[in-house]
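Just below sit the structures, each encoded as structure tokens.
The two complexes that follow have chain A in common; it is paired with chain B in the first and with chain C in the second.
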Partner chain A sequence: MHSQRNTRILPGTPWIIHVGMDDMTAGVAASGAALAHADFQPPGGGDPRRVRMLTDLAEAPVAERVDSANKIALERFQASQPHLVGVGTALDTIPGMEEGLFLHAGPPIGWERMSGPLRGAVIGGALLEGLASTPTQAEALASSGAIRFQPCHAHQAVGPMAGLVTPSMPVWIVEDHGGHNQGKRSFCTLNEGLGKVLRYGAFSSEVLERLRFMETTLAPALAAALEESGPVDLKLLMAQALQMGDEGHNRNRAGTSLLIRELAPHLAALPLAREDLSRSLAFMHANDHFFLNLSMPMAKCMLMAAEDVPLSSMLTVMCRNGTDFGVQVASMPGRWFTGPAMQVRGLYFPGFSASDANPDIGDSAIMETSGIGGFAMAAAPAIVQFVGGTVADALATTRRMARITLGRNSTWAIPSLDFLGTPTGIDLLRVESLNLLPAINTGIAHREPGVGQVGAGLVSPPWECFHQALSAFHQHVMETIPHHAEPV
Partner chain B sequence: MKEHILLHRGTYHDSAFLMRISRELGALDGVSEAVVVMGTEMNRALLLDVGFSAEQLASATPMDMLVALRLEREGLVSRVQERLEQLLRGGTRSSTASSGSGEPRYPSLPEAMEALPAANIVSIAVAGPYATHLAHQALAAGRHVFLFSDNVPLDDEIRLKRLGRELGLLVMGPDCGTSIIDGTGLGFTNRVPRGSIGLAGPSGTGIQELSCLVARGGGGISQAIGTGGRDLSAPVGGLMTTMALDMLDQDPSTRVMVLVAKPPDGQVADELHRKLRTLSKPVVVRYLGRPPASARDGVNYCSSIDEAARLALALSGTPSSAPPADEARQPPPSVRGRLVGLFAGGSLTLESAEILRRHGIAAHLTHQLLAPGRALPPQPHFLVDTGGDLYTRGRPHPMVDQDTGLELMEWLGSMPDTGILLMDLVLGDGAHPDPAPGLASTMESIKRKLGAKAPLLVCSITGVARDPQDPAAQRGILEQAGARVFPSATTAATFAARALRQQHRGNHHA
Partner chain C sequence: MHSQRNTRILPGTPWIIHVGMDDMTAGVAASGAALAHADFQPPGGGDPRRVRMLTDLAEAPVAERVDSANKIALERFQASQPHLVGVGTALDTIPGMEEGLFLHAGPPIGWERMSGPLRGAVIGGALLEGLASTPTQAEALASSGAIRFQPCHAHQAVGPMAGLVTPSMPVWIVEDHGGHNQGKRSFCTLNEGLGKVLRYGAFSSEVLERLRFMETTLAPALAAALEESGPVDLKLLMAQALQMGDEGHNRNRAGTSLLIRELAPHLAALPLAREDLSRSLAFMHANDHFFLNLSMPMAKCMLMAAEDVPLSSMLTVMCRNGTDFGVQVASMPGRWFTGPAMQVRGLYFPGFSASDANPDIGDSAIMETSGIGGFAMAAAPAIVQFVGGTVADALATTRRMARITLGRNSTWAIPSLDFLGTPTGIDLLRVESLNLLPAINTGIAHREPGVGQVGAGLVSPPWECFHQALSAFHQHVMETIPHHAEPV
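Moving on, here comes the complex of A and B:
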């Protein structure tokens, strides 16, 4: 036997990662080298075209460029400092807002394809704006083309459920105070509360009456209070809410409480009638989701900072209009990739069942896009029944989502995971190559207009939008890195 | 006969696991056939071809598991389903070898590489169409690649290897059976000692045979770099073989290099020759299946694997021990009839055909699919590569699974006009854990049928004493069954040829 010392041809001691049939590792084990196994799933669901695209995108020079682009996008997202700076009317504050223009949740859609809750909200909006005096008139107007429809996302805005924004509605103004997009603003209406509300397609007089109270009493009071308080750091508020048991989508109780605490002293100092002040505070208190309409524009503001980074595969939008689910990717801002909105799996309020449910609706998936909601499920043991029942499931969901994200949030930490940051920056390529869809927490709307919320649960986007986005991204990369297209 | 298809959605399994499930379900009473595959286009077309209905297959995706059944009677489906659930619950790992071994397991390759930045080699054994994606991920993360998978598109191979060279990373494969890198065996390997002889080339079994002969001759292996079955084809042009040779030339532990390969395309052989001339260390080359050759421009072209091993040992200064060729000189019996060669891989099939030819026996390398009841090749003597595509589609490699080889052995060996069964037994890690008993019992069964007319079994064993199967024990079992056993394909074929020629001579004298 030879006793000579052998040199190595590879740097480091042999250390093998094996993928695939386990039987093939006997030699590694026998020689005593370090060995680890990696499980395997066919990328792109095994579809030959998608396997090809993902293979092209995994090639070293390309993958390197995409990685650096994703780092930039994620850094811009993390550096964004969304602050609540005021309340204004949609017409005055939202860029591109006009009379006769209604904004809605989700990707673009016309009246004829709108689902019940969105149609109901449009009717309510027309009544509120005084464009029609009866629901029938409102419908006729909407279907005639006299009302134009555009997505909130096309106007730096977001809206939960139907997400309807009409010109006269008051909106929160959120402004970026840091990083790449300094000064850029995002917008969202004020949350109306639970039950029969416009965002679930209700348009009865009680709904319109409440909206008028918000417009004439609540919004001016909040605007004045904010002038006194100065900008409110929303990211910080969100960080505290996550440590108090919110996940920022289906549970917003802590965030709402923190916001009231922030604003109450300034509201109390305003020259308001006592009953207006009391009603305003009671209104916010009665609605656990009041903070959602602030965390959503906060998330939108941060994700806008990541937009327009060539070669980045980070998602910047996930949203639904009740008919379609749509996503956008950082490197292709403004381009929609859509598929059918799915049914939500969840728990129903007494008296309702799956047959009452509308398909998935609302811009609130912006929360998951920014790494909270379903991605921060581990922070919210109080609502675990929505995602399968146990605290362990909630932890597992957050860990699973970390597999499809680019990094960990630098501000939002989860106590039950040793203060690890929430999984942040959904990577289109990880979703496709690991066959793993984002998990979205959401409310369930009744499919008829005006009934309201009938439950809450978990939903996944349809694969179609990711498949479309992959094709477009592959093309974008091949055009941006032209040398790659050369034949070998 | 009832055809039935079960569809399991969204459950991907590797082929080894699927084959195990197929076998278990096929063994159930009343199940005449069970084929378990993933719903890829190719597999769906395959099932359609053999008579399953299009509607049931239409909705399957590559992520869905298809269980295609032929049942002897109604009412069996629920029993099959029950057994299937049981098997799925029992765990989806294809192997017992590494289960419970405590080796860390990660949910995907990127996550494993992120967690283990010091891991330097990624070994890939997944279905061909998916292998390129993983190999690119590994290269992009700066890891060397051992790519066991076959059916990888040629363009992918070229791109991977070009990129590997650019990045200074090995791309061993696709279709790479064997490598030993820094003492670590990848794929099918034998537990040979480390030493001063470096091996490289596309032929996995060739590397195994050489490494074992070097070890038996008292030498050791510095590195063995498998480069994948197509590396010396014209389109690939030896991209990895030349890189491997350069690495061996620079490796201080390597004193002699051996290249073992099926004969390259003409232009590739010329370019490779120019490359070999420039290397600073002695180079020994064996192109399998080539007629006798000699040194040219300082490159030692050899006439057999055995000769290559002897020369490498001599050039490395290893004190010579008994030359293995002597073993072929034991007196052969006189044998009449047909020679049937059954091999587990193309390399030794090719090499054996040439050795036989050299000794006056024309043995045809048959490319027709042989199975009990089918026609025989027209030639008097023929060799079968049971590791070829005809036999391995949807089945495990014959070095792991003996079924095909033993079935052919029983059928062809039971023909009274068969005089010699020439076979190879490749041992080592990755190979069948105990192959000799299968051959011995098949031989007994043939003898029960034919008595004294049973053919002579001539078998080579590729292995070393430290291999898990224990070559001495394997040899003992075969010899007990009347077989003549040799330490190399060269010696086995030489012996077989001489046995047949004695018969010819005997006929002349008669």
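Moving on, here comes the complex of A and C:
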């Protein structure tokens, strides 16, 4: 009906550009008119309360102060100079670490809400620490409250997938050698390798034996080699890796290779048994993700430098515990904004499918928070073979992420984009205003404990985190600039 | 005048597309007409004799047989499986190597026509071999004929820059594990590193001491490690390096990193003194071109498999001795077609300029002959910072080289071009028909002996090589298919 009226009013077949929701276009399409759909959603997903908050925050005097704060946060992030300085034991080096305390990936969570892979890792951790001698004992202990749980992020630490850190585990020590946070440290365990590993919830004897080799042989060797070599500039190493096809989250082959060649001469100079030296080098060589557990605390170290800047809307944490996704914002350090962890869209290893997949898990989204991983996909066209999609998708993702970020990284350049810096500093307000979520590259864990990785792909945070964070940020700004709403 | 007539005849301002030589367009441009210039040259540079030869070779029955031969040559190239199998002494391993024989890069040349860097390397070689105890004695010996000179290529070997191989030098041994040439070997010395090195014509005591360390410590360690590790698949390693930003000629950081991490565990297991092991690993780590001396014999090994295919117009050698550029063609193995080595267009290290540059030198153009280096520039956008130009230039160069090649490499993919294979198998007839020379990435040597590298850039072969090769190939085809010119 409408179409008949249209064609009577307009001469010829109309060309229509439609902006907004799809359900208004059916009649137009039926009329035979040429229809182009322009993707558009109103800011804040169109929710009147969020539109009102975004409008408040966009008013000139407020927006100027938020911009200035974001400039400071971004500058502090860029001025950070994370260096690998050593390897120590979690209990001795991580602030606030105690016997009986287990750190985990993502926002806070208790045993009862933990997903399969995180529970599996906790069981493995209890066995490793000698707190239990069977998985059943370990579960009982964990559910009794005898083991306490806190997020890695609450202790300047990060961990991939389950992200479990127990007191006796060796950890990399990363130290800031520049800018606002000089001397501050971040921490991460050493990467165990692929297949059945603790971070994917496996806890068999093979897993525990490997962790013991890492504790007794690999970690002391690396610690001694680092004393010989002196600090390793991780930001520079990452810059080289990005020029060598890594995106720093799901592809870490270049970073791992560069780290091995850097450390090998120093390892070789140590008074080690030949078999221990050879096994340590072979262990690192066998695992292309070995560098991930160094790039993660590097990113954490840099993002800590941006924390505690009043009025800044820059994200400083994105992470997942397998049940919840959590974010933190520079102006409200330590406050969690959470929502349900999402399913990963990706490619599965043979024999597995989406029904095997645990929801999104791990602190490794700290890479995207620092402008790498999904944000640097253009640097790693080969990644599309692993997470799905085309090379054009990889370029488009990096370009799209530039819309929700505050600037370009001053050190990390992407060759294929004419050496443009990676999009850096995710802005909560841009995410909400543009209805555009961060893109995260990630591994997929099996939902049952003990199975391991079943695939890899792309995921976004749930909107809930950002909506909560927007409310809290609006309130924070209102309190900090009380008269912002008055006309000027 | 012309322009006035034009505008009288044609209504309005004409749009003119000009094809061919520039000197006809001045009048048109002056008339105010819009002028687009389409780059075009007649085949064979327009030389009537070459046009006639190309016409002969393009006749259907001839062209079909040449195409079939090229298919065989390309298939044999692709089926080759070069593996690193060991390290030996030149005298013991290179076929035809003798005391008093020095191998050099490029086509044959005597002392009197050698350029500065090659003479410098010969002096260093004579000192290293103990044939002379001063540079003056070495020069006298070299010019007297007491030292004999032959090309590396005449001995299944290749060498970067001066490419000097003396009898006592250690060489990598690469062996073909597949296809037509199974079991056949190629050879190359170990890369010395950057700065003042023999291959750039330096022969100071520092240079000779380094060569002695390589002979007495590094080479035996690598030989023993390879016995432990077994053969290393070089084609696979190269494929990975191309996905990690190497183009395999001027950028070898990924290949070098991958080689180090592959060999380090085996080196560490050897009964070596700790300081020797550490120094060997540090030596390889300090030199991002260490892998070049392995990718070169890899390419040579593959191209040898394509040699001796009657009627094939595929190039199997491109190389330079610092004075002459030489090429060989699959159907006429061992025959040299030469022209003057050209000046490299590139970027110079601080303090140096084009007036310091030696003409093009080295066997490393074997990389381009195998479809890497300049042909794979799209794989290595970072290379443009080293040789000049933009990322778009790098992509354009790879696309342009596809016009003069017979196919796409089946193993070596370029991620940024949606995993298209590198353009592979340079066709003499396409080069001549399209007037399009191969693009070569290369280092620039100082023209005086003993100075070293002064820059890096891009160079093309001289046309003379191809014109000579075309004449010889035409004759070869005429002799092989005597009645080709008869109408069918």
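One rule holds for everything that comes next: the second predicted complex is superposed on the first by the 439 of 488 C-alpha atoms of A that agree within 3 Å, B and C clash if a C-alpha of one lies under 4 Å from a C-alpha of the other, contacts with A are read in each partner's own complex, and residues count from 1 in each chain.
Note that a contact is a pair of C-beta atoms (placed from the backbone, for glycine too) under 8 Å apart; a residue touches a chain by one contact, two chains touch by 3 or more.
Bear in mind the structure is a predicted one, so any value in this text is a computation, not a measurement.
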Once chain A of both complexes is superposed, is A:45 in touch with chain B (first), chain C (second), both, or neither?
first
Regarding the shared-chain residue A:355, is it in contact with chain B (first), chain C (second), both, or neither?
neither
Under the stated touch criterion, which partner chain does A:63 make contact with: chain B (first), chain C (second), both, or neither?
first
Which chain, chain B or chain C, is in touch with more residues of chain A?
B
First, second, both or neither for A:144, with chain B first and chain C second
neither
Using the superposition on chain A described above, determine whether A:390 touches chain B (first), chain C (second), both, or neither.
second
So in the superposed three-chain picture, is A:278 touching just chain B, just chain C, both, or none of them (first/second/both/neither)?
second
Under the stated touch criterion, which partner chain does A:54 make contact with: chain B (first), chain C (second), both, or neither?
first
Thinking of the overlay built on chain A, is A:253 touched by chain B (first), by chain C (second), by both, or by neither?
second
Which positions of chain B touch chain A when the two form their complex?
12, 14-16, 38, 40-41, 61-63, 93-95, 97-99, 101, 103-113, 116, 118-127, 129-130, 132-134, 136-137, 139-140, 143-144, 148-149, 155-156, 158-159, 162-163, 167, 170, 180-189, 191, 193-196, 219-220, 222-223, 247-248, 251-253, 400, 428-430, 468
Where on chain A is chain B touching in the complex?
1-2, 4, 6-31, 33-43, 45-48, 51, 54-55, 58-60, 63-64, 403, 430, 433-435, 488
Residues of chain C touching chain A in their complex?
240, 243-245, 253-254, 256-258, 260-262, 264-271, 274-275, 277-279, 281-282, 284-285, 380-382, 385, 390-392, 415-416, 418-419
